[in-house]
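Next up: the structures, one after another.
In what follows, chain A forms one complex with chain B and a second complex with chain C.
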Partner chain A sequence: MYLQFAWRNIWRNTRRTTVILVAVIIGIWSMILLGALMRGIAEGMIKNGISTLTGHLQIHHKGYRSDPAIEHSITDPQVVEHALNKVLPSGALWASRVRVNAVASNARHSSGVTMVGIEPSSEANVSFIGAAVYQGRYLTQQDQNGILVGEALLDKFETKIGRKLVLMSQDTKGEIASRAFRILGVFRAEMEATEKQFVFVTRKASQIMLQLDTGISEVSVMLPGKPDNPNAISELKAALPQDQFEVHSWRELLPFQTAYLRILDGFIWIWYLVVFVAMGFGIVNTTLMAVFERIREFGLLKALGMKPWWILREVLTESFLLLVTGMIIGNILAFLSIYILSRIGIDLSAFAAGAEYAGMSRIIYPAIEVKDIIMANGVVMLLGLLVSAYPATKAARFIPVKALAHT
Partner chain B sequence: MSIDVKMAWRNIWRNPRRTILTICAIAFSSLLLVFMLSFQFGSYETMINTSVKIQSGHLQVQAEDYQDKKTIRLVVPNPAAVGKILEKIPHVQAYTFRGQAFSLVSSKDRTYGAVVTGIDPIREIQVSRLKKLIRQGSFLAESDSDQALVGKLLARNLRLELGDELTLLGQGRDGSIAATVVTVKGIYSSGIDEFDRSAIQIPLKTFQNVYTMDDAVHEVVIIGKSLSDIAEIKHSIELNLSTLDPQKPLKTLDWEELMPGLRQGIEMDLVSGMIFYFLLILVVAFSILNTFLMAIFERTREFGVLMAIGTAPARLTKVLLIESMTMTMIGIFAGILMGSMITLYFQTHGIDFSGASELLSQFGISGRMHPKLSVLSAVSGPLAVFMITFFAALYPALKVRRMRPVEAMRAV
Partner chain C sequence: MKKNTWISLLAFVFISSSSPSTLALNANQLVEDSFNYVRGKASVSTVMMTIHRPDWQRKMTIRAWTRGQKESLFYIDAPPKDHGNGTLKKGREMWMYNPKVNRVIKVPPSMMSQSWMGSDFSNNDLSKSDSLLTDYTHSIIGTETDDGKNVYVIKSMPKPDAPVIWGMQRLKIREDLIWLSQEFFDEDLKPVKEMTTLEIQMLAGRLFPKVWRMRKAEEKGKYTLLNYKSLIFKSSLPDSFFTLANLRKPRR
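Right after this comes the complex of A and B.
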């Protein structure tokens, strides 16, 4: 009954209602849209970080993380393989790699790089490199002298496919080992820094060059489903000898991205509050005016015996209905715009170097997170009712005789 | 005071509650914009200044193509002549010379590739913050020859301590092998990981001997008196350089060309800031439009009476616009005033961001951020608010003109 009452009251003044509705709709729409964009940036950043040779978790020899040198290699990878087979859920993929700092040089240039020795078939499932070669071809098990380089490195070295590139690094004996490779393929990556930093050879070739035997530097694991799986990490830790191995999640491996995620929630909250305050002034003002406009009506209701509490409830119900209607339309609009944006993406290529500087991907796809949506709607509803309480108490306090005399 | 203004002023205060709420909305958005813009500009300036003071300088004179190729052969052959030019340009604060060569760097049991930079110990202090970043040991002195400064991460990777020996192995300018042994004199930490992991500084004289550079250098690094002078300095350097040696053209690059990532990063942040402000102003605009519209609906009868006694519609519009613009101006001035005060407070005290220091140090920002109030940051946001409220006010003010006195007077 009184819901109906409130609903009809709202539409008695269509113009006023529409104006408030538009304010609420734009508020909600901008909250959700901007939140989704910020989430999208974070997701792109993390996806990118994980696929750039990080994976969901990594296993190293103890001490490798703080000092990534060749003497901290895993000498018997079978132990790790065994533990992985036993512990990980089915569907998990992993790849083992040799990863050392090296100096790449040709006749004209030299530069510091990271040499990554990979198992071509298993690596393709785990990191970006499997799908990143755009010119030439990917490595195979048999390529003892083949090397993949990034496009940016290729340009910097003024070289091309088929030319030689010499890698120098320190082997297990502490001597400088060097080996000539032939460029087989060129890869592109999201970040130019990645193209400049990594060169890929087969694991076997790197093991021979560094006299590593069957040793490896790290095992990178991709888990099925969500990237976070504390169970898998603790089980792996239990299955591996504590004094020899260390297991890290991507959150530990990517401190930059994790820090960004941590402050992101704060940013989104601040944005919601700011929008709300801007919108809140409008809501209070309009509701207040609506109440004063209906001063005679409230006086009459009171004179007929309506309790102040009922009037308060009546005004709040009207605000509630307005907020709900605005929220529904605002949410629909927000989802629609997010849907469209996530189909086409927001291209930041014009700012490619800037995006890279900030660690972002070149194309942003907005991402919806349920908790943001709930929070945005919650903030608007809760604070919306709170600010309407002020005009509502005003209405409840009208003195019938005075109110009726009001023109 | 004309009668219209007087009328508008009294109208405003006929409903003080509404007026104050509207002014608050305007003041709030102006305040927020002043603070946010100052904050953004402040962080850009910090970012630019740190990067500039650690790495690039405001401007550099290099051989053509050196910036892209970083090849040891592309040199500035006569740095003294360039120095002479720089002495004559008034806005130049300081300048120094650097040589750079990628080399293999070996400690007792480790080898890494790193960029060896030759620096002039005396001049470098005026141009870069390197001396202040030394965490262990001390900065190079003028008399030092086989001494080196090493970044903290590189020192850790190489397992170096103060006083340890370090072998440098690279290629000289003439293609010969360049090798020398230096002792670690200082270890620095800039917070920018990439820099701390890949750089070694040795005295320029030693660098020139080892890499067979003769008197040549790779970069002449210049610091101007302020960021705003850069374009002018660049122009006068270019003018003077052309008289120098037409065979081997030298190029002048400013910090935007030296660090394109930084410039674009700032542009991108500005664009995303704009989206943020645009959405904010849109919400504010609707809030205000709302109030203005409602105010007019409520006063329909009043306008009817005024028109019936002969007030021209144009005059009504004028009074209404004076009303709304007065409210806007009060709000905006209050907003600018409060926003500036808050900004100035944080400008001196800084805002603590130590929770995100890991993130920010990569951009050269330490745990505290200082917003920077400028005329631009104080005025541009409120100006946008002014314009949008003007348009918001225009609609109802024009709507009044279409009212018919008789109908209007009957309205409730």
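Right after this comes the complex of A and C.
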């Protein structure tokens, strides 16, 4: 009876109700959509970060993280390999790399790069480089002098496939090592910075150049399923000698992205609050108007014996119905727009330079998280009812004689 | 008559087809001899370096000691601001000394391609100066005349896996081993920079170019001049001279 009563009451003033309904719809829609977009950005960032030579977890020699010098390389990769085989769940993939800072130069240009010595076949499954070569070809085991460079680096160096690139770095004896490579392929990455920073050679070539023997800098692991797997990390830590190796999860390896994720949660809350404050005033205002319009009516109801509590409930039900209607439409709209956007994505290439500083992807695909949707709807419902409580108590407190005398 | 011409023509073809190998051998020898002629067994010199740019110019006096093909020590005398800055080069490695901070730093790979003291010479030009002898194959591609003497134009191509950035170098060396020019080309064989020598005269008892000029191919207004103020060739310098300890030692 209440529901029917309230529903009819809402639509006594169609225009006013429609206006506030639109406000609620827009509010909900923007909350969910923006939340999804931000999640999308964050997911893109993490995916980027993980595929850009991070992996879900990494194993280094002790001290490498604080000083990534060649002296801190893993001299005995057998031990690590053994532990990985023993501990990791089936389906886990890993790749070992040599990673050092180097200087690339040709006749006209030179620039600091990170030389990554990779095992071509295992690396292809672990990081982005396997699928990123768009011109020329990917490395094979035999390419002792082949090198893969990013498109941006290629442009910067005014060079092309087949040309020479000389890399210089410090070898294990502290002397300057240099080696000539020929550009075999060009890769594209999500970020220009990645294209400029990394050059890929075979692991063997880098080991010969740096006199590393069989030494490597890091092992990067991709786990099946979710990126976070504390079990695998603790098991690996237990399986490897503590005094020689360090195991880090991607959260530790990508501190910036991790911090951003944390800020994001706070940010979404702030956005919800802002939207709600704007919406809340509309709700209070409308409900208050509806109440004041009906002073005589409420007086009469009270005179007929309706308890104040019932009147309170009546008014609250009205705003509840208003909110629910708005929410249903708002959610439907939001899901629709997210669906469309997740198909085409939001192309940020035009602002790529600006977006890149944060490690954002060029195209954003919104991502829905149940937590966000529940939160958005919950916030609107709870706070909506809370602010309607004010006009509702006002209505409940009318004194019948005065109310009936009200003109 | 007709037969004779045929024979001489055949002979000519024969000679010219067999000559490249002997010439190539000569070319390697020529470059090395000329390199040694310039460096001597050991030398002590004072050089005025002029760095010229379209809107400014700067002069430095450098004192230099060299021994053999691999060792050298440079030390800046003037201007007072840079006085005492030293560079020691041994083989492929370089160290720099700055008296203001009293520190010797080993030039890291990242700095090797930067310019030396703001000039058009890069650290690599200095540290890898003997790379021309070890990383290239030389061949004579032509001759010119200069001052009544034969000048050999030598094409120097890097060996396939040699860690050098140039696509080619072209040298002009006079028959009396005087180095006339050295041009650096990229892999498209477009010129990148060029070193030429001027004012060839008697210095330290032998003919020697007094002025060396390094110039970028695209920017004619920018160049660096090295002008020998004094030059003495010696039979040797002591081992202790090319050491880090000596690099730090204050010199007047």
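One rule holds in what follows: the second predicted complex is superposed on the first by the 406 of 407 C-alpha atoms of A that agree within 3 Å, B and C clash if a C-alpha of one lies under 4 Å from a C-alpha of the other, contacts with A are read in each partner's own complex, and residues count from 1 in each chain.
As a working rule, a residue touches a chain if its C-beta (ideal position, glycine included) is under 8 Å from a C-beta of that chain, and two chains touch if they have at least 3 such contacts.
Since the model is a prediction, treat every value here as computed from it, not as a measurement.
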Chain C versus chain B on the shared chain A, clash or fit after superposition: clash
Contacts of A:Ile26 with chain B and chain C, given as first, second, both or neither: first
Partner chain in contact with A:Ser169 - chain B first, chain C second, else both or neither: both
Chain B versus chain C as contact partner of A:Ile338, first or second or both or neither: neither
Chain B versus chain C as contact partner of A:Asn145, first or second or both or neither: second
Chain B versus chain C as contact partner of A:Gly112, first or second or both or neither: both
Contacts of A:Ala92 with chain B and chain C, given as first, second, both or neither: neither
Chain B versus chain C as contact partner of A:Leu223, first or second or both or neither: neither
A:Val103 touches, of chain B and chain C: first, second, both or neither? both
Contacts of A:Arg179 with chain B and chain C, given as first, second, both or neither: second
If touched residues of chain A are counted for chain B and for chain C, the larger one: B
Stretch in clash, chain C with chain B, out of 7-15, 61-69 or 97-105: 97-105
Shared chain A surface residues [contacts with chain B and with chain C]: 101-103, 108, 110, 112, 168-170, 176
Interfacial residue positions of chain B with respect to chain A in the complex: 17-18, 21-22, 24-25, 28-29, 32, 69, 71, 102, 104, 109-114, 156-157, 159, 170-171, 198, 260-269, 271, 275-276, 279-280, 282-284, 286-291, 293-295, 297-298, 355-356, 358-359, 362-363
Chain C-touching residues of chain A, taken from the complex the two chains share: 101-103, 105-108, 110, 112, 145, 159, 163-164, 166, 168-170, 175-180
Sites on chain C touched by chain A in the complex: 92-93, 108-110, 112-113, 161-167, 184-187, 192
Complex contact set, residues of chain A against chain B: 15-16, 19-20, 22-23, 26-27, 30, 33-34, 37, 66-69, 101-103, 108-113, 156, 168-170, 174, 176, 255-256, 259-260, 262-263, 271, 274-275, 277-279, 281-286, 288-290, 292-293, 348, 351-358
